[in-house]
Structure formats: structure tokens, C-alpha cells
């Protein structure tokens, strides 16, 4: 996951004019896709436009307009929107420079949100992380994404089919719905991580290998990254909840509190994961020690039994002329007896010491 | 204990309409059981109803009504109650989606609490964790549980037999009693954990095995889970205590402060357990090292004594023609003497080094 | 020390009516001992009463009355006092249920304090921990202890002999004196622990054994327990200092601040101990590793020198017919020379590697 | 990086009069270089002066004046500026004594900032750290640096070429631009560190050596030092943002908030690095253990197989007269068979134990 | 350094009357030395008095009087000063009971400070720690020290020679100067510690021995002790800065803020040291592991090569009659060849495994 990327992006920016509109991030998309959904309780319209100017007609209608922009590399489009909707240049800069810390800014005439959307793509089994910026105005929501594909499909369905209360509510409820969808998507990621933890724990106690170590290390890094992305969310949602902006109606407050509760739950879970993973490394070390111990014991037992016996055999392999034992007929079987008893005594000693 | 479950539940919800009533959690019960207890200082009535509508008659009596619902999968019942008692859809959602973080919400006409009830079942020797939601209104308390079986039996007894002051007090005192029972139940769990710690500690110092390691790891996870459940409780009770809701009378304040003190004590104990357990792993590692050390010592002593002796024996097993020592009649006994002295010196050296 | 006990007591209580007066704790004493000290600047009276009613006459005198009760199992006495002095049932419950978290409650007509008294008994070399509850009223202080024996003897002496300003001051100064005596007693315990640390440290670096490990572990647990007892004290004394109760005169403020400073010092010292002890375990592990290393070195040196030599001896012990070396008269002494040189080279190598 | 230096400097100062102007730090530069840039929206002038008095003419023009001073050892110059611009002696002291903690001071007539500039020099591959002090007055900014070379070149370009809004704004915007350039430069350092981490991680898991250990240790120290430099920045920028100084215009607020966000991001990244590096040491230890384990296994297998076999060979090397086996013609090949089977059984056992 | 001492002192005090004047601490000095410096902008007088009463004449002059008292065991003197300057008994107690936590108390007519002075004595190479108490009144400063010798000599020089602004300022500036001298002295200690760290680090990576371990442990304890002494200083200086006492003039505020900044810097450095030292132990453990690993490798290589060869030699040392190989003339040289090839193969294997 992209911690390093984020730093790189910022260092690319170093030295640019504040407010310069240059897209920092990978160009994920060929052409920018602009989708407009315009609705109120009774009517609904959805269309994909090619020129950004086609959106502007919706600005003055009393209906709620949701403009979604996939792809940030065409800075001209962003600039045009910025001019038309009177958005501060630094906000536009934040939209384009992906890798922002989640934040909330109240610019009186509009509210600006930027946060991370995490999506688990089933076919490739990877986590896609994308910066989503939201601008909420009096009768519109503009959402900026780096790439096509998001977690908002069910919201679109609800608008299309007039399910739930979304068509009856204002743009602040739409913004809440988008936020809620993003926070909900974290739970999916957490669940995947939870499953990974469980798999690792099994490996850990049964068969810890270097691969397990690498997995724990990677997992820890992911948690650190996730934590860094999610902690600022708390402040963000708290900020919206307690803002006195006229753009957010009182009735939406209860819903925002609900998202806030979910965010706290996500944070709690990430913290628990952190605790568990930091414990895992200790377990790993202990398991490795245990394993080494087991190996050592075998070596010790074998060596301890045979080293003295080998010495005895060595003694009677000496070539001294005057070794009277050698000539006794019972000496050889007697020696065998002695050696077997010696081995037996040692085995008994190890047994008593619980080394066997 | 169910950390993972909780995450899963939330990810199941992902994409649903906010306020959609779907029970998320295991269906623990076949049929929903509804019990009503209606009382004031002088009269008392308890009955089990089959239709939720049978409860509604109690709404307008001046007596305190306690409706307890075991089983959450029949969303229709919850919806009916919600409609009748005018409860916000998001509250109903929280009741149904088990795995909530403990919280307190003041909705003016009623107060909503959700928290975790932990119960130790003696026959199966397991901990049962269940989400309990409480709705406190002007003259009623509604409690929602996932399953039959709870820690409230003694409260019911007190109401039935008019023991203590419960029959003389309002529904806020009933809510306090339920809270108190839940917090008290944590002490039972903590005691069990305390006993487990003591057992582990003995194992730890005397006979640390891989099983001990696994136990410590599991224990640590349980503590992490417990901590996550209990910390928000502090906020919850603090919230009730400092709320300015008319539903809570001043006289109940002292009781709530008492529950608060108990909660702090529970948190303190969990933190102590955490500290102790995190120390245990270090002790485990040390014990393992000690054990390995002991094994190493034996190997070293045996090897160090016999390796040189075996070399000597090897020398006089060589077949050179010109080895004058071999022909001396006293050479063999002299060699034995040398070897015994050598072994003795080495033993003395190890003794002085405190390796024996 | 009694962490587990405390949990047990609370779990015994689970399910009881709030305000039920049952003594939870070990019955340490056969009969309850009640002592009354009544004094003002000019007169002084001390007596031991058998019936609690004998104390009540002092209530209406303008003199300061100190009622001390040793033994909590006779709940009837506590109940009578409660009734006579109009004490809230939950306060009485806290007095009886030992194992409370230190706390301060302002009940307008009286102030309630509960905290832990630690006493080092010289003859048995053990730490006695006892819950002390204090009730401060307009002209009285009632102190409840679990057992005979306390740290208040010097306060009694001062009252008897009119030493210092105690006889000139009100009951709030008496309460302060009791608090001060308890906090001072912590220093005695800390000094004992400090000495223990010093002993352990010597063991640690010179001769670490499994016993040392156990000592560190026990010490750590004691520190955890102590910490849990002492932290809430800070809040407690802070609470009294900043309370606006009429029962505490302004002139006592400076004294309370003094106790507060001492408490902070106790906490600081406990935290330092915690830091030191947590470092000790690392030192222990390092020492063990060092020791193992030393053992390993000896083994390696002996084995590394003799294994090749033994091999050479083995070669010339072979029985091949065609081994021309065997027949050379200088072969045997030459071999000795070779072997000695080989051993010398290896010793030099080990010396250079700093293994010797 | 210079943690020790910083302490040394302060101890050099110990005992000096407060406000004594002595430059503490390495004399990095031969002669002091003074550069003046004077601009407004329409005109622009840049010149290098040799006498500080030549700057003073700019004081009374309405244009924005930026005086940059490279080199701090000529205390006379600093003193003259201090006198002319009426700067408090303690501020001058702070400018000269490099190794200050980043801070912000509002002296009503001017604002004083001191912070650390980090610069990565590509040719030498080293990080240059320099203290930068900024004094912002009504129509001027004075910047003090220890040495020639900084991260401000692009700001100078923008002023020269009237790029962006800098020429239209006041001196507070210039100060913001300098701050922004410094914070941006941290990202470059962080990126370098991020790359170093990645390299170390590869080493760590594949081929951990003592050099890796030293690298981790050095890296950790750098992080500790960086952290110490960057944390106070948060306070600093927060201080400017919330100061009510007339010197900072409202329009600059949004820009300062932007720098603040970047600072938080830098801090977050440093904290993540800290977490990752602290985990690396554990990984290192684990890798070392793993490696040792692998070595041990080989030793154990070889020794365990051959020690018993060597014993058997030793037995039949004994010289007893009565050893009937020696005379059997099939004894020798049979023994080989026995020995091969024995070795095979042991290999099978090790395979099953997963030691091979 | 004296952590234990401090505890001991307090336990000595246990049971004494609050406000009892007994000097707790080592009697470091035979006779008490009293020095008076009386000055204003124009005149200056310094004398050493034998009777404390000789100081009292200065009380009513408008000049600034600095009474310095070295030695605390003569409680009579302290008591007389206390009476004459109207100082609260608890303050006198704090002056005498050394080992206090640094604190600031505003008693309206005077300000009381107590803190730790650390001094590095060059001849004995030891750190001298001494409690310094300061009482600041309307026109006087009284300083109490345990022993002769302090860090104030340069302040005395400045007063004597009218250097800087000290002679022009009031007693609050004198108090600031004393504080500043004490905080500056910490930097000297930190520099020494910094050098020690550097030395330890070299040892750590090159040649870690048990002595290094002991050094790290001692260093850690010193840091813990230092930290405990310095943390409360922050509060102390913050307290003075924000106090509304008339005794401190506004002009002194900037100077106090300067001391505050230095204190923060000291704290930051101590925290960094703590971080570095806690990392050192890990490095130590790793180095020890590395070393052990190196030793193990040599053992493994030697043993692994020679154990099989010795076995082969053993085989041909057997005395079976039917061993046809023994009679082949080329068997012996062939065996040598086999053994050399075997050794070579093993060496190659170890090389490939990077064990060599």
C-alpha cells in the first residue's frame, strides 16, 4: 500500500507555486469520465457528459446535482469546475495532489472533504486505495476520484429506484451516504485482515517459517498505513458534525453521528489488530526458540549418551602391550553391559529432567 | 470471543440503506420471547406475551413497564415497537446490528443505551457475550437481548418480592439496576480470568511448554477484546450521569456514580491484567532461555570432558611402529591416572564457574 | 498483595441489592473495637466503648470527635452509625465492601473518603493492606478500618499531648492528618521496594538465576498493584483540595496541597520503579544470553581444537596394510609436533577473535 | 545529524549573560553575505550589499523588503540590525545560538520564527541541517541562515519573474512561502528515508548482517532527531495561525492552514517510520534466530547421524582377544548394512520432524 | 544518583508533625555559611555573616538583597529567617526536607521555588545533586543550598562588576538569573551524557561485553532519575510565567519564557536519550546474538567436516578379519582422496549458504 508513493508525490510538488494545478499521482485513466445525476423526490436524470460545460446547466436548478469525476490528470476540467463553482485554488490543489491526509474544510459557500477510499477487488485479490474528494454546495455534490470503479454503486441504485429516503433529502444527505459507503468499505478490508490474522496465527503456532515472519512484517506495515489513513477520519467526521455550516441540516446530524460511531469502531478494530500483531512477533520469536530448544535437546541427548561410550571404546582400542583387561575372556561382554547400563542411566536422568 | 464476527457483521451491512431493518448476527433463537413486567409500589404484574401488540396497553398506565425481548431476528416485532414508541430508525438499526460499540444516546423523549453483557455459563465453562440494548422512556424500559438467559434474574426477584427500593422508584432506577447487573457480571468474568492468570503463572515458571505459549496468546487476545468492549462503557455511564435528560431523576445520580466507580474498577483491573500478561511473555521467553541454557550446560560439560580424553585414547590407538610409550609396562595405568586427573580438573573448573 | 481478592469480593456482591449492608472481605477481627477521642484546645477525652450508642452523646458537643472503628463484619453497628449520622446507604456499602478504588465524595453534610492503608509489619516482614474509610462531618471524623493496628498512633499521641497545632484546629485538620499519615506510610513501603530493587540488581548482573526471574515477576506484579492503588489517590486529594465544601477551611488548603505534592512524589517514584523493573527483565535476558555465550565459547574451543586432532589420530589408527608413514621412525614425534602446532594456531585464532 | 552538537552549544553558553551576542555553532562561512530583494506588484530590485547599513534605506519604503543574511559569526551585523529594527536582545541571542527548538514569538511590532531547514545535497549525498530564523515586520522579512545555500531559490525566481501571486501580496505571504518551502523540503528528506527503509527491509529478510544492525540503529537515531526537530513545528505553525497579530492578513490564513496540514502529514510519516523501524529490529532478531536455527539443524543432523556410527566403529576397533564377531566373514558387510539402515532411520525421523 | 535516598528521607519523616523543622538529608557541611549581597544600580555590598540576625538589617532597605545560605542542618537559623520574613511553616519544612519534587508556590507576599541543581565536578568526575530553594520577596531573594559550591558564581561576578542589566533590575530578575543558571547547568550534564552514549554505542557494535550491559543499565537509571527531576520543572516555570503575582514584573516575562524554552529543550533531549538508550539494549541483544551466531558457525563447520571423516577413519580402524579393502595397496591414498573431496564439497556447500 502506497505510503512511499504519498511521500514521493509531495516531494515532486516541492518548489511549485502554491495553488499550481498539476496532477500528482499515477495517471490511472486515459480519458476523464464525467457523470451527472440530477434528482429530486419526483424526477431523476442520469447522464454521462464529455464536456464539463454540459454540467453547468444543472447548477441553477433547484434539484440535487451529483457530479462525479473519474480521473484527475486533465487539470483543465478541474480548473473550469473550480472557476464555475468558485472553489479556492488551494482546494483544487488538494484535489489533484493525491495522498492528502483526510480533512474537512468549511469554506462557507461550500464544504470540502478529502479522504481515502479502500476497495477490495475480488478478481485480483488486491486492495485498491484511491483519494476521494467531495465538494458539497447548496444544491450539489461534486466527487473527484482517481479512477473508475468505486463503492458508490448502491447509492446510485437507490437514487435511480427511489429506494429509502435519499430522493427526499438534500445534498448533505447525499454527502453523508457517500461517506457512509466509504466507511462501510473499511469494514470489508478489516474483515479480510481479520481472516489473514487468523491464518497467520495458525501458522505461527504450528509451523513458523521465514515466510510467516515476512507476512507479519508486511501485515504490520499495512496496519500502520491503515491507521494513518483512518485516524484523521475521526477528526473529519467530528468536524462536520460540529460545524455550524448552513449546508448541513439538523436532520442529517443523527446520520453523521452514526458514521462517526462506525469510524470509532473501525479505529478500535485497527488498534486491536495492532495489539494482536505486535504480540504475534513475540509469539514468533518464542516459537522459534521453542523449536531450537527441541533441536538442541536431541543433539544433547545423542551426544551425551554416545560421547562417553565412544571414549570407552577408544580406550580399549589403544595398543599398549600391558593392558590386562584385553586378555580376559569376559571383558568384552562385560564392557557391553557396562555401556548399556551407562546409556540407561543417562536416559533415565533425561527423562526425569523432562528433556525427553 | 467474537472480534472477527463483529467485523463481519458490519461488512455484511455494507451497502445497505441506513435504517434498513435486517438482523445482523447469528440467529440464536427460534421464536422471539416477549416478557412484560408492570409494577408500582403497590401492585405487580408479570406476563409473557406472544403478540407484541399485547404490550402496548401498558404504555399509557402510570406504572413502570419493563418489556424484555429475547431474540432479534423477527424484525417485524422490532419495527412495530419502533413505530409504537416512536423510536428513530437508526436506533432500531443499532439494536438489530449486534456488535455495536457501547454507547449512550439522548433522544429527548427516550434514552438509548447499547452495551455488551458477558455471562459465564457454568455447565459449558464458556463465556457468553450478548448485545443488550435498553430504551428508557417516561414510564417504561424496553430491553432487547439476542438470546434467552441473562444476568437480570435477581432484579426480577426483587421486583416480584418488593425487595429493596426498586418498586418505589421510577424506570430510571430500573435502568440503573440493569446496568449495575451487567457491570457486576464483568467482575465474575474478571475473577475467572484472574484464576486463569494464576494457573498460567505457575506453569510459566515451573514448566513452560508450547501450550503455555498458546494460552498466553489466547489470553492476550481475550484481554484485548474485553478492553475494547469495556472502555466505551466509561463514556457511556459518564454520558448518562452528566446528561440533562428529564428522564433521569436526581436521586438516581448517586447510584449511577456508583456504577461509574465500578466500571472504572473493571477498567483498572483489565489494564492490570494487560500489564501482567504482557510481562508473562517475557517471562516465558526467559524461562525458555533458561531451560536451553541448562541443556547447553550438560552438553558442554559432557563434551568438554570426553572430547580431549577420546583424543588421547585415539592417539594410543595409532599403529605407528615406533611408539615407545606402548611398550612401557606402567604406561597404561599412568594414562588412566592422567585422564582421571584431567577430568577432575575440568569438573573443578566448571564448578568454580558455577556451571554445575 | 490482594488484586485477585478485590475482584472476588466484587463478584460475591454481584446480584445483591444496591445498598445492602453485607461485609465483603475477610473477617479479620473477632469483636468490633470502637474508640472515641473527643478534644478541643483545652480539654481531651479518650475512651473505648462497647456499644456504638455510647458514641452518640458526642455528636452535639462543639468539640472535635474522632470515632475509630476497627472491624467491619458487624454490619449492625455500621447501620446504626449510618442512621445516626445520616449517611447515604451507598456510602455505607462502600465502607463495608473492601477493595474499593480510592475516591472522594462530597455529600454536602459530610465528606466521604475511601483509600488504601499500607503498613509494613516488622515482625512478619509482610505488607498489610487495609481499606480505610473516613467520614468528615461538621464536628466529627469517623474512621473505619478492617483490623486493629494502623499508622495513626502518632496522631493520637499528638492529640493526647497537645503537640503541634492539631488541638487548635477543626476536624478537617484531623482528616488531613490521617491522610498525611497514610501517604507517609507509602514512603516506607517504597523504601522497602527500593532496597529490594537494589538487591535484585546485584543478583541480576552477577548471578542471574530462575529465582531472580521469579522475583522480578513478583516485583512487577506488586508495582502494578501499588500503581493501581495509588493513582486514584491523586484524583482524590485533588478533589478535596478543589471542593467547595464548607467543611474544609481555607487554612487547611496549604496542608492538603502538601499531601498532594507527596502523593505526586509517590506516584513519580512508583513510575520510576516500573521503568526500572521493566528494564530489569531485558537485563536478565541479556545476562542469560551472555552466560550462554560464555558456555558456547568453551564448548566451541574445546571441540574445535580436539575434533580435527582426533580425526588425525583416527587416521593412523586405521589398519591398512599399505600405510608407509607408519613405518617411519620419526613419524610419531612428527605427528605430535603437527598436532601441537595445529592446536596452537587455532588458539591464536580464537584469541584474535576475542573468544578467549 | 547534530543532536550532540546542539547540547554542546548550549553548554558553551552556560554562564553567559542572557542577551550576550556570541555566535554558538560552527563558523561555516568566511564572510557574511547579505542579499536584499525589494518588490511590489510593479517593481522589483535585487542586490547584494556588503555593509548592513545599505539595507536600512529600504525600511521606510512601502515595498516589501526581504533581507537574507547567510552567516552568523559576525555578531556586529546582527547587533546593528537588531538596533535598527528594534529587536529584543533575547531574540538576537536565539538567532545566534543555533540548535534552538522551533518556536514562534509574537513581539507585537514583529513576529519571530526559528526553525530547522533540512536540505539533501545531491553531490555529497548528505543531509545539511541549518537553523533558519525569520523576523516578519510591517513591510519586511529578515531571514538569517548559517550558511549559503537554501531551499528558497524557487521563491526568488517567482519574485523575479512575478510568477503566481507573491508580488501582489504582503510580507506575511513571503513568510508563508519561506515556511512552505522549508516544510516541502522535509518531504524530500522523508522520501530519501523511505527509500532507505525499503533497502534495509530487503537486506533484513534476505541477508541480515551486522551492518544491517548498525544501519537500523543509525536510522533510528535519525528518526529520533528528525522527530525532535519536527514536532515543535506543529505548535509553531498553529501559533502563527491562531495569533491575532495585525502583521498576518486574513487571506494568508488559508495558506497557513495548508502548511499546517503538510506539517501534520510530515509528523504522521515520521511516526510511521518510527513504528516501522522499531519493528525492524524485532525482525532482525527473528532473522538472526532463524539463521542460527538453520545452522543448528545442520550440526544436529550431522552429529546425530555420525556420533552413534562412530561409536559402533570404535567398538570393533577395540583390541579384546575374545571378540567372536571379528572372526565372522559376513560381520563386516553386515555392520555396514546396520550402519546404513541406522542412518536411514534417523534421516527419516528428521524428515518427519520437518528438520530437513 | 539519589533516588533511593529521597525515598528514605521521606520515610524518616513519616509520623512527624507537619511543619516540624528537622533537616532530612545528609549533613554535608560542618557550619552554616551565610552570605549577603546587597545591591542597586549604583552601590554594591557583599559580606559573609556569622549570625543570621546580621542579615535582617537589609530587609528594610530599598536595595535588592540576596541572602544565600549553604547548609541546612542548623534548623534554628532557618526558623529565625522564617519568623523574620514571615514564611509559612510548611515552606520551611520543604526547604529542610531535601528530595522535594520541583515546585512553585505563590504565597502572595513571597514566592517559593524548590528545584534540583546538578553540577559536574571536574576533579572527582561525579555529578553533585543538591536541592536549591528560593524565596522571592518584595526586595529580597533568599536561596537555600545543602552545601557550599554552586553554579551561581558567574551571577555573583555580574553583580560585583555591574555587567549586563542585573544591577538595574529587581529581585525577580535575580531569581530568573538563578533559575537560568540552574537550567543551563543541566545542559552540561546532558553533554556529558551525550558523550557517554557515543562511547557506549561504539562499544555496543564493536565489542559488547557484560560491562557494556551494566553501563547501559546504569545509564538508563540515570536517565530515569534525571527525567523525574526535570519534568516537574516545566510546570514550575510555566507556573511562574503565568502567575499573576505582583512580585514578577512584566519585563521579566520574556526572560522567563526563554528559560521555559530551554527547559523544554532539556526535556526533549532527555526524552531522546531515553529513546536511544532503550534502543541500545535491543542492539546489545542483537550483537550478542550475532556473536553467538559467529561462534556457532565455526563450531558447525569444524564439526560437520570432521565428524564424518572421523567416522570413516574409525571404520578402517576396526579389527574384522575379513576387510578386503585393507589389503589393497591403493586403498589408503584413495581414502585420503575421498576424504579431501568430501571436505571440499562440504566447504563449498557452506560457502554457498553464506556461512563462511
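When the chains are written out, they are named A, B, C, D and E in that same order, and each has its own residue count from 1.
Note that in this section a residue touches a chain if its C-beta (ideal position, glycine included) is under 8 Å from a C-beta of that chain, and two chains touch if they have at least 3 such contacts.
This one's a predicted model, so the numbers in the text were calculated from it and none came from an experiment.
In summary, no chain was found to touch both chain C and chain E.
Fitting chain C to chain D on Cα positions gives a rotation angle of 145°, stated in steps of 5.
Averaged C-alpha coordinates put the centre of chain B at 26 Å from the centre of chain C. Chain A and chain E have Cα centroids lying 42 Å from one another. Shared contact sites, meaning residues of chain A that touch two or more other chains, fall at 285, 289, 292, 296, 299, 303, 307, 310, 314, 317-319, 323. Taken as a graph of touching chains, this assembly is arranged as a ring, one closed cycle with exactly two partners per chain.
Round the ring, from chain D by way of chain E, the chains line up as D, E, C, B, A. On the side of chain A, the complex with chain D involves touching residues 3-4, 6-8, 10-11, 13-20, 88, 90, 100-101, 103, 105, 207, 210, 213-214, 217, 220-221, 224-225, 228, 281, 284-285, 288-289, 291-292, 295-296, 298-299, 302-303, 306-307, 309-310, 313-314, 316-319, 323, 325-332, 335.
Contact residues on chain E toward chain D in their complex (touch as defined above): 151, 154, 158, 163-165, 177, 180-181, 184-185, 187-188, 190-191, 194-195, 198, 201, 205, 254-255, 257-258, 261-262, 264-265, 268-269, 271-272, 275-276, 279, 282-283, 285-287, 289-290, 292-293, 296-297, 299-300, 303-304, 307-308, 310-311, 314-315, 317-323, 354-355.
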